[in-house]
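When the chains are written out, they are named A, B and C in that same order, and each has its own residue count from 1.
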Amino acid sequence: MTLAQATMIDPPVVSWLGIAPELVLGVGAALVLLIEVQWKPSRTAIAWAGGAAVIAAALLSVLLHARIESGDGISTFLPFAGMIALDGFGVFARYVLLAVAGLGLLAAQRMVQEAGTRAAEMVALMLLATAGFSLMAISANLILTFLGLEIGSISLYVLAGYVRERGNSDEAAIKYFLLGSFASAVFVYGVALVFAGTGNFSIQGVHDYLDGVVVFEPGVILLGLALLVVGLTFKVTAAPFHSWAPDVYQGAPAGVVGFMAAIAKIGGFAGLVRILVSAFPDLAGDWAPVVAAIAAVSMVVGSVLAIVQDDIRRLLAYSGVAHAGFILTGVLSGGEGTAEIWFYLAIYAVQLVAAFAVVAAVSGPSGSRSALSDYAGLAQRQPFLAATFAVILLGMGGIPLTAGFVAKFGVFSDAWAAGHEWVVIVGVLASVVAFFLYLRVIVTMYMDEPAGEAAAAPLGVRWVTSVAVVVTLLFGVFPGPLLDLAGRALPL
Amino acid sequence: MDGIDVLIAALRVVGVFALVLLATIINVWAERKIVADFQNRLGPMRAGPYGILQTLADAFKLMFKEAVIPRNVERLVYHAAPFLAVVPALLIAMNIPWGRPFTIGEREILLQGADLNVGLLFILACSSMAVYAVVLAGWSSGSKYPLLGGIRGTAQAISYEAAMGLALVSVVMFSATYPGAEGGTLSLAEIVERQAGTWGGIVPRWNIIPLIPAFVIFFIAAIAETNRAPFDLVEAEQELTGGYFTEYSGIRWAMFFLAEYINIFSMSALTATLFLGGWNGPTWDGVLPAWISAILPTVWLFLKTYVLVFIFFWIRATLPRFRYDQLMQLGWKRLIPGAVLWLILSTVVIGFRQFGAPWS
Amino acid sequence: MTVEVVIFVLMGLTALGGAITVVMARNPVYSGLGLLGTMLSLAVIYVSQLAHFVAAIQVIVYAGAVMTLFLFVIMMIGVDVAEDTAENLPRQRLVVGVLAAAVVGFAVYLGVSQGFDWVPAASGEPVAEATNGTVQAIGERLFSTWVLAFEATALLLTVAAAGAIALAYFRRRRAVRE
């Protein structure tokens, strides 16, 4: 055989820069694992290596962003035979994901220290989860979306069960794993049906097919679309597919819950928005009512059930359900709301990581003290932690002058403009209810008598909460730059 | 496909079946004689000349023996397990080209049950199905020794399957280097045909010469897959009173026995096919009468196969049984890394020779 | 009726039977065997679709390796432990059954009312290509169109390996059940 015959395989356009962040994360994870085996470095060094990989990936994302915006040296925006899309959407998703990964690593400092011989695996799994959801966000092909979803999800299943000393960590992991795999199976079945209906795996291809053909009998496509939506709304903990979240957030090790919750939401929403907005805009009339219903149910269920929780982790889980609902209202307006969705996701993800970092700091070495009563008088025991936590909670509640308000205002105004007024009304009512629940935590921290002793918050946690406070306040007062950046985060 | 084609296909299947049964009868006797020689004994001498009919006598005895079925067995699985042992063994034998295809009239007749374009994978699939017989027989017997044997068998089969598959990849890749070949092949008939000819007119173009590490790994894995000594922990008498078939007797036990010997024979034939040129060998077409030339390839294959069968028996008579941890060490820490290394090395060399340096 | 249809119906039935066995069997080993039956039936369907390579991989990987490991684990854990079938939530099964029926009914209604518009041989590639050595065809696709997805599975395997080690390599020093 000659070289000419050998190259009868049509090589796709390779864009190394296009997948560089994921490549760095994957290689970083492999290096962390290998170095740990060979040289047994200190756990701090392992965590720093993970951080270095995240920072390197972020720098490469910036470089990639510049290239995409200027169009320099990019022969196609759909390299690897259309498998990924080089667009603002993917780059912004990476910024958010990598920010969450960096903060998550900082917040998980203590857990890495306590993980003993398994510290390297933990850092590697966090990196791989980031890489997986990042692949999902940049994917322009349903198969790669599924692969990214699985890489990320499986890492999270393991992280949920990492602290085997605690029985409920095992329980959380197995619950998350069983329900999560079921959701993934639903998703992949949806992919199969969409393929059966449109003959395409690629998002562009599905869009073109639906654009060019009048489908008289779209039963298969609609069924597939419905299953895709179910699979992804499970990952972002939207009601009625949220029931796993409280148990998992409660049982999983405190150090990584914030990372888990935030990164799965980002990945899930990135996939959902890309699929709904880029692949199925022509069927918006079919999916918009369903998404509106899911959003409304999530907002109501999340806010109301969060009120009655006595455990801070369950409370944050239910409030996460409500937030998923708020973000979904942004999806209703089709492509118009993408910027606002990203703004919301970026702010909320940072807040979520920071909130759970506080939870981890308060819950102590055993990780068991997460009842709301443990927060009584936190302001006197740990003034800094309580103050930052209060700001973060106010930001989540969305009072004016915090970024949470800008974010909520953005998605609601989009949904209103798109003609889903009733969802917006439900949303505003739900945010009022949700606001009280955040207030309740703050009142407990500041008004109640102190209970228990003061455990010093690790430095990493202080950093994370400080960053979250800065983000919440800065973008609450000057949302312009971030809105501007998010405004360019449009799918191809 | 007309009636004659169907008849020929049926004849091929029946022929292979008869062949492996006959070979089994001979192999059982041969093993007893060979091991006896190693141990300075006589072995079976009474039934027929040199005891050659001993196996037949044993077979009849087993057939008419009462089959004792213990009370605790899971009936359905217990009865199915012996068949699960024999069927994959026969399927593997079906896929081996036992001789050169020849033509009668206009029909080309393959001396092979079936020539699949994924033949090699089919064989791997069959050999991975064979483990179910061990594991299910062990479990369904409802007693502890068979269960332990079954568990050992599963672990062993999974461990060595990986090394076996990896070793085969280089064979497939190397088949792409045959002059005029377009890409590699997974068909066994093709692999044999691509070992025809010589290098420099002297050395036969057999895969074993360039691929001897793969041959060694494959053959070790083949011994382990057939649960033969020194990898026969599955049926270690001293520890497990007989392993997974402890609770079997009579004809059901005989089927396990049969499956083991079919596997020895077909694994040897497979190794000969993949590495020793299969049925390739001098046939002196035109010099000798046509029917001799047609039979000679089969004879060559049998000669090669029996060399390997003898090695099977030789190893059994020589090496002591592995301990369980040694078995796992050898499988996971020696054979699999070795196979991967060899895979990388052979890929690079074959790629280099096929396509030239990547920078050229 | 062609041979293909007959095979599809037969194997579809055995696949479904196996799947039902997985769920209904009292003994986990029989569940495992049911799953094995399903996998083998699927492999036969693949063969009837001329996807020999996929069929062989199905048998080697799923039936040969994955299911063997499942059975291995079931037997190691011990199959004599009878499952506690008492329900904590009364009428849970009934509610779940009704809900599941409703969902399936809705899906069927959606399908029937909107109609099924399949796209045969959608991407416009000739089906006959499959006859000509499916291994080569799959190899070409794997290293051209799907190369990134193919490499991404490497990440998936790394996650699986690291995760398995992380969960299993744990000394129960101070196991505390809360």
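Methods note: a residue touches a chain if its C-beta (ideal position, glycine included) is under 8 Å from a C-beta of that chain, and two chains touch if they have at least 3 such contacts.
Computed from a predicted structure; not experimentally measured.
Participant: Report which interface contains more C-beta contacts, comparing A-C against B-C.
Facilitator: Ranking A-C and B-C by C-beta contacts puts A-C first.
Participant: Select the chain at the greatest separation from chain B, using centres from the mean of Cα atoms.
Facilitator: The chain lying farthest from chain B is A.
Participant: Where the CA atoms of chain A average out and where those of chain B average out, how many Å apart are those spots?
Facilitator: Each chain reduced to its C-alpha mean, chain A and chain B end up 53 Å apart.
Participant: Determine the centre-to-centre distance between chain A and chain C, using the mean Cα coordinates as centres, and give it in whole Å.
Facilitator: Inter-chain centre distance comes to 28 Å.
Participant: Can you compute the centre-to-centre distance for chain B and chain C, using the mean CA position of each chain? Integer Å is fine.
Facilitator: 30
Participant: Taking each residue of chain B in turn, which ones touch at least two of the other chains?
Facilitator: 183
Participant: Find every residue in chain C that makes contact with two or more other chains and list them.
Facilitator: Expected reply: no residues.
Participant: For the complex, give me every residue of chain B touching chain C.
Facilitator: 74, 77, 116-118, 121-122, 124-125, 128-129, 131-132, 135-136, 138-139, 147, 150-151, 154-155, 157-158, 161, 165, 183, 186
Participant: Can you list the chain C residues touching chain B in their complex?
Facilitator: 27, 29, 33, 36, 52-53, 55-57, 59-60, 63-65, 68-69, 71-72, 75-76, 79, 133-136
Participant: Which residues of chain A touch chain C in their complex?
Facilitator: 8-12, 19, 26, 29-30, 33, 80-81, 83-84, 117-118, 121-122, 124-125, 128-129, 131-132, 135, 141, 143-144, 147-148, 150-151, 154-155, 157-158, 161-162, 164-168, 173, 195-200, 215-223, 226, 366, 368
Participant: Write out the stretch or stretches of chain C touching chain A in their complex.
Facilitator: Those residues of chain C that touch chain A are 107, 110-119, 121-124, 139-140, 143-149, 152-153, 155-156, 158-160, 162-163, 165-167, 169-170, 172-178.
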